[in-house]
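Contents: one structure, followed by commentary.
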Amino acid sequence: MLEVADLTVRRGSKTVVSGVGLAAERGKVLAVLGANGAGKSELVLAMAGMLPVQSGEVNVDGRSIRGLAPDQIRKAGIAAVPEGHRVLTQLSVEDNLRAAASILPAGQVDAALSDVYELFPELSERRKQLAGTMSGGQQQMVAIGHALMSRPSFLLIDEMSLGLAPLVVKRLAATVRCLKDKGVGIVIVEQFAEVALSLADRAMVMRLGKVAFNGPAEQLRMSPEALHAAYFEGTSTGGR
Amino acid sequence: MAYSTSGIAGLAFAALTAVFLPVLVGSQWVLIFTSTACFALAAAGIGLMYARLNMVSLTQVGLMGVGGWVTLRMNHGLGLPFEFNLLAAGVVTAAFGMLLALPALRMRGLYLALITLMSAGGIEIVLSTFRFPNGGEGFWGVMPSVAAPFRRPVLAIEDGAYLRYAIVVSTLGMLLIELHRRGAPGRAWAMIRRSEAAAMASGVNVTLYKAWAFALSGLLAGLAGGLLAGSIGLLDAATFRAPESIMLFALAVVGGAGSWPGAVIAAILYRVLPALFNDWGLNPDLALVIFGAALLHAIMTAPEGIAGQIRAALPRWAK
Amino acid sequence: MPAKIVGLFVVSGLAVGSLYALGGIGLVVLYRATGVLNLGAGAIGAFSVMLAWQLDVRGWPAPLTWLAAIGVATGLSLIYGRLIAPRLAWRDPVVKAVATLGLALIVLGVTAFLWEDDVRKFSLPTDEVGVTILGLRVTVTRLIVACAAVAIVVGISLFLAWTRVGLQMRSLANDRDLSALLGVPILRVETQAWGIAGAIAGFTGLMFGDLVRLEPTIITFLVIPCIAAAICGRLHSLGLVLVGGLSIGVIESLMTLSPTFKSVRSMAPFVIAALVLMWMQRGRRPLFAGDQ
Amino acid sequence: MIELEKLTVKFGGVTALDHVSARFEKPVSGIIGPNGAGKTTTMNVISGFLRATGRVCVDGVDLGGLSPHRRTRWGLRRCFQQEQIADDLSVADNLQVLLDALPGTRTEKRADLDSALDVTGLSARADTPASELNTYERRLTDLARCLVGRPRLVVLDEPAGGLGPSETAHLGDLILSIAVLTGAQTLVIDHDVDLISRICEQTLVLDFGRRIACGETAAVLEDPKVRAAYLGIAEEGA
Amino acid sequence: QDKPRCGAGNGTAATGAPIKVGGIFGNAAPGDFSSATDAAKAFFDCVNASGGIHGRPVQYMIENDQWNPELAGQAASKLVRDEGVVAMVGNASFVEMSVNAPLYARENIMAMASGCAVSECFESSSIVSTNQGPLASSVGAAIYAVEELGAKNISCIGLAIPSVGNWSCGAVEEYMASKGLAGSSVLLNPAAPDVNSGLLEAIASGADTMLVNLPAGLAIAVLGSAKEQDIRDTYKWISSTPLYDRSVPGALGEYWDGAMFVNAELTPFDGTGPDNVHWLSVMDAYAKAEDPRDTFSQAGYLSAKFFTQMLEAMDPGDIDVRAKVTAAIKAIAGYRSDLICGPYYVGEVDRHMPNHAGTMVKVSGAGFEVVRECYEYEGPYFAPLIEAEKKFGLR
């Protein structure tokens, strides 16, 4: 169980996440939704140890991981895919993936690698290409590959489908289901509710850094009005 | 043009120092502050390139040497007034900076910094091999005996008046930067800093504007070098060694690149602090240790530079 | 110009060039592993060779003095790598490089304070033995420098390319934040990198102290021409750094033969590095922010 | 009218574009294709960031010899896959950069800038530093840049990436208005098939650097090859 | 405890209003010239303890220019303008004199320097030094090589700095030419790691004698290179004063034992003349134990001593008047000491090099051995000096 309680994150003088709580269970998918600037990405970064946390708790199976270094958090079984398809630009695709397997015992790396290649044959064709020269979508595949390489127990994916062709999104959706069946706890952060909700067991909607809705995904899937109320309330230009 | 608080504060600061410094301090400190004014101008050039374009010049002090060389060359070779020599120094150094820019235009980050460092190394060798003109014959103009007299500006023969003169020139140089920053070049630079591709897609001639920044920064270095030559009357290659250029860049970062207080702080750290250490009779080796430690400390703790910290502490002054 | 004289100058140039190469290789090793170009490497080397000299004067057995020198260099490098470098990790590569000037000043200041200016000489037993190549006598020490340069190039290249830690170092140098997120044990890997680089700096210091001269300031700022060699390898290819360093040495030495250029032959490293950089960048198009 | 003629781009061994020819006549046209198909590469060729063999002609003008910034002065506007606005400039200054490079009087430019801000709904944020904008506002600013200075051709690379449904809808309307307001022809790359089918009358589909279809959007999306390669619904067609 | 006494004082510590005197030295990596001002300071301390000058103590203020021309200018401004010193004594630097000579001339103050190293220092109307500098010392070494070692072709390896290497090696070439012999110069960049190609260049010049005219560190590097080539016996090896230093024989090692001839600008520092003995005892009593007892130290002592001697001869009422002091310094003629071979004089001329006779020593064991006692240098450069000395009635 990955639990976040009363988490507050500030950037400069601005509180971007305030008092957010969530719980991701093994074998379940949680969708985190919200309009632009709602603070979803900051939440993910804070959970991954990339942003300092002002207050609140982050626990895995009852053990606090708040304040740990990012590599420690990954070791604790949490893998995050940050927004903006970040890859090691000067390294080849294969080196990217191998580097991401630092916490795996050496013997398991090749197996993990072939799993990722199986999911993304596009990458397998380009093992030797520098990741920085890949197309946007290919980089997103590498970024997701990074997270899968460490065989995490909890997977956080920010903007999973960003820049990916529909075909690949479908494949990914299947993978998410498969991981879920294997008992991985998954948090999908999305702008675009449709895909996420179709996968999710529970959903959470954020607005202006706070939780605006938290409940079964069903509820939002069934009633677009509820979704709209939680989500699109405010202006279409997003900001404040 | 809108007047900013910081701009007015800058002009006021310049006016106050120009009026009061020369009468308040002894002749040793008049010279120290003259040097400080010169280096502040050069540091402002570094800050311009770094803050606006993320380009690093590790050759600024070397370029000052070029400006100083031209000033001395003109002074000893032709009978022209100081202002003319100074202007020539600025223009020649700007052209020189632009020339440097040619190979550097396609480079960024550390590579760019290193190519400028290489040119600093080259300038160091040339200056230390051929020395600065001191009134001798020929192109290099070096003779073994004591240097021929240097003609300071008619308005600033005395050290005190020369300090005022240096402050005025430095202030004009910084105003020139400000003028650029607020105009089309400033916008183009901001765009280039975001990404060269985006700048090109915005119709910005990236090559031209980068070369222009090099030239402007070179101009300031040239003026600074010329002013320094006028302060002492002659120059020595040791002043312009490559490590000095690295040092001035480091201090420009520590001071806070991209604002006039940053440049002034950098120059104070560069010239006033060592002079104080020297005045206190501190062993120069230990002074080096303290200086190095202070440099590291400042780089670690003040990401926006000391000027940024001061600005944060004085919220009223922001912007 | 008789071939014999040219031969002399070529061999002499190779001897100096291998020093540039050794220095450059040390810089590139650290840069590739941590993204820091350490301008303080020369100062660390200077301190360690002064220490070796001091211990030698005190009567320590020679091999112990060398070990002590390399050990101290490793230690100094580790102190910086553990205490200071991580706090600058998020800054531009240039600011990280410039910050190491602070390290250089501190170490140089301490060295100059401990060892007041005096005439000293540091020599190794291998100075006494030599072979004649193309008419020039070359001491075994110089051969050691050349061999060590090659050995480090080969060893480190293999290490970076094939080992797990090597991969982690490359990943770290590319993007430290992301590497941390990917689970690369940042501190451990960085510590290893700074340690290796420190040992190389110490060894380089011993060689410079013997073959150039035992003056801390000179050794400290030799790092600048060594950067020229590093540039020839684009701060990346150790093999090219070696080639670059040797070429610089030979060209610089051959410039002695030209009456016009001999007075400015020390410019060779800078001019060559600038030309190499220009050539490397030829036809390159501007890219997006963040690309090097 | 935009004509692409036998565009070929190679990166070392990889052929990113392979003799791609197409002709876009509609005000708004789309380019779709799987990841790595060569869409961004095509756009880079059109805007002059990449050299390619082949020809790019717009309204009969061969853009071949022009460098990117000259193409912009000629009237080409582009948005990148990741928006590229300068954080340390205000929204208005981000547009002003473009106008700086173009001829015209101060007042004309001011009017141009104001109307672009007006259309995109950014007027109230004109003097806000770009660093304070959220993702959508940044996208809008980027798009507003394509509106100033009499554009003739606007190319957009995944403009709706990372936007929510309502934002995407609003953005689609804005793109449609470009042609109306400025008379410029627009090319859009996106993975959002709904957006593409709503705003693009004509669409080019690429796969592995080759053209696999080109024509009326609705027809193209029905093409089994496209469905197989892009939408991943091969099984139904087969 | 019998401390040495200095000057004509009565033996009780001086009390009156201090006489302000300045001194500028250079000390920063890579060189330290402070031994000159240290010795002058020791001497003045001794004078003060011994009763001062006309009962007044000397207030000796020293500044470090750290090889930085700006600092040099600032230091001189402070001493000359702010403090109003009556004269500068014991100055020793590479940069101070070139920067400040115009100031000294303008302010009508004399600098009785002790460590001149560049041409500007000798070719100025307001600076006079007790040391010889690289030119005289190199020519001196060359004369010895020609006259005693049978050198026919000398290659002078100097610093690639116009006012040092080119100037001094140029004078050696002129001297050789004046004798109908061959000479050439090889100039090294001070920071260059590569001294080998310089040495090869000297070899290629066809010389039979190598004149090493470099700061000690660089000189040792060149000689190390020569050792590497094992060419000690192929050439004759001579050097200017920088190698005349107690640490040098040890640093050179056995290889050079007996093969390296060095010119000494002043008389040997282990000499037995009264001034040499007095110098050492003043140093022991008033200087720090670790302050070097080297040539610059001798020169600093000597400048201070001559200055004191001159002030004592002045009318006590004129001592605070800078113009009078300057005039008195310029009037110095014929002061003698066993530390220098010839007479010391100043005179109203625009170049000063009173000390142009020296001693030649050879590296021998852990020290040096005198191979030629005081001998006067000749050559085109010295002709005008000798002319002037005739005018002052010194010859």
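Letters A, B, C, D and E name the chains as they come in the text, with residue numbers starting at 1 for each one.
Keep in mind that, in the parts below, contacts are C-beta pairs under 8 Å (C-beta built on N, C-alpha and C of every residue); 3 or more make two chains touch, one makes a residue touch a chain.
Chain identities (UniProt): A, D = ABC transporter ATP-binding protein; B, C = Branched-chain amino acid ABC transporter permease.
In this text the structure is predicted, and so the values were computed from the model without any measurement.
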item: Steps needed, at minimum, to go from chain A to chain E via contacts; value: 2
item: Remotest chain, chain B as reference, centres from CA atoms; value: A
item: Pair joined by the larger number of C-beta contacts - B-E, B-C; value: B-C
item: Centroid-based (C-alpha) most distant chain relative to chain C; value: D
item: Interchain centroid distance [CA atoms averaged], chain C/chain E, Å; value: 38
item: Where chain A and chain B are represented by their mean Cα positions, the distance between them in whole Å; value: 48
item: Length of the line joining the C-alpha centres of chain D and chain E, rounded to whole Å; value: 77
item: Junction residues of chain D - those touching two or more other chains; value: 49, 80, 82, 84
item: Residues within chain B bordering two or more other chains; value: 125, 129, 193-195, 197-198, 200, 206, 285
item: Complex interface listing, chain E residues touching chain C; value: 27, 29-32, 160, 187, 189, 191-194, 196-198, 200-201, 204, 216-218, 220-221, 224, 227-230, 245, 247-248, 250-253, 290
item: Complex contact set, residues of chain B against chain D; value: 184, 187-188, 190-191, 193-195, 197-206
item: Of chain D, residues touching chain B in the complex; value: 47-49, 67-69, 72-73, 77-78, 80, 84-89, 93-94, 96-98, 100-102, 145, 149
item: Of all residues in chain A, those that touch chain C in their complex; value: 48-50, 69-71, 74-75, 79-80, 82, 86-91, 95-96, 98-103, 106, 132, 146, 150
item: Residues of chain B that touch chain C when the two form their complex; value: 54, 56, 103, 106-111, 113-115, 117-119, 121-122, 125-126, 129, 193-198, 200, 206, 242-243, 246-247, 249-250, 253, 283, 285-293, 295-296, 299-300, 303
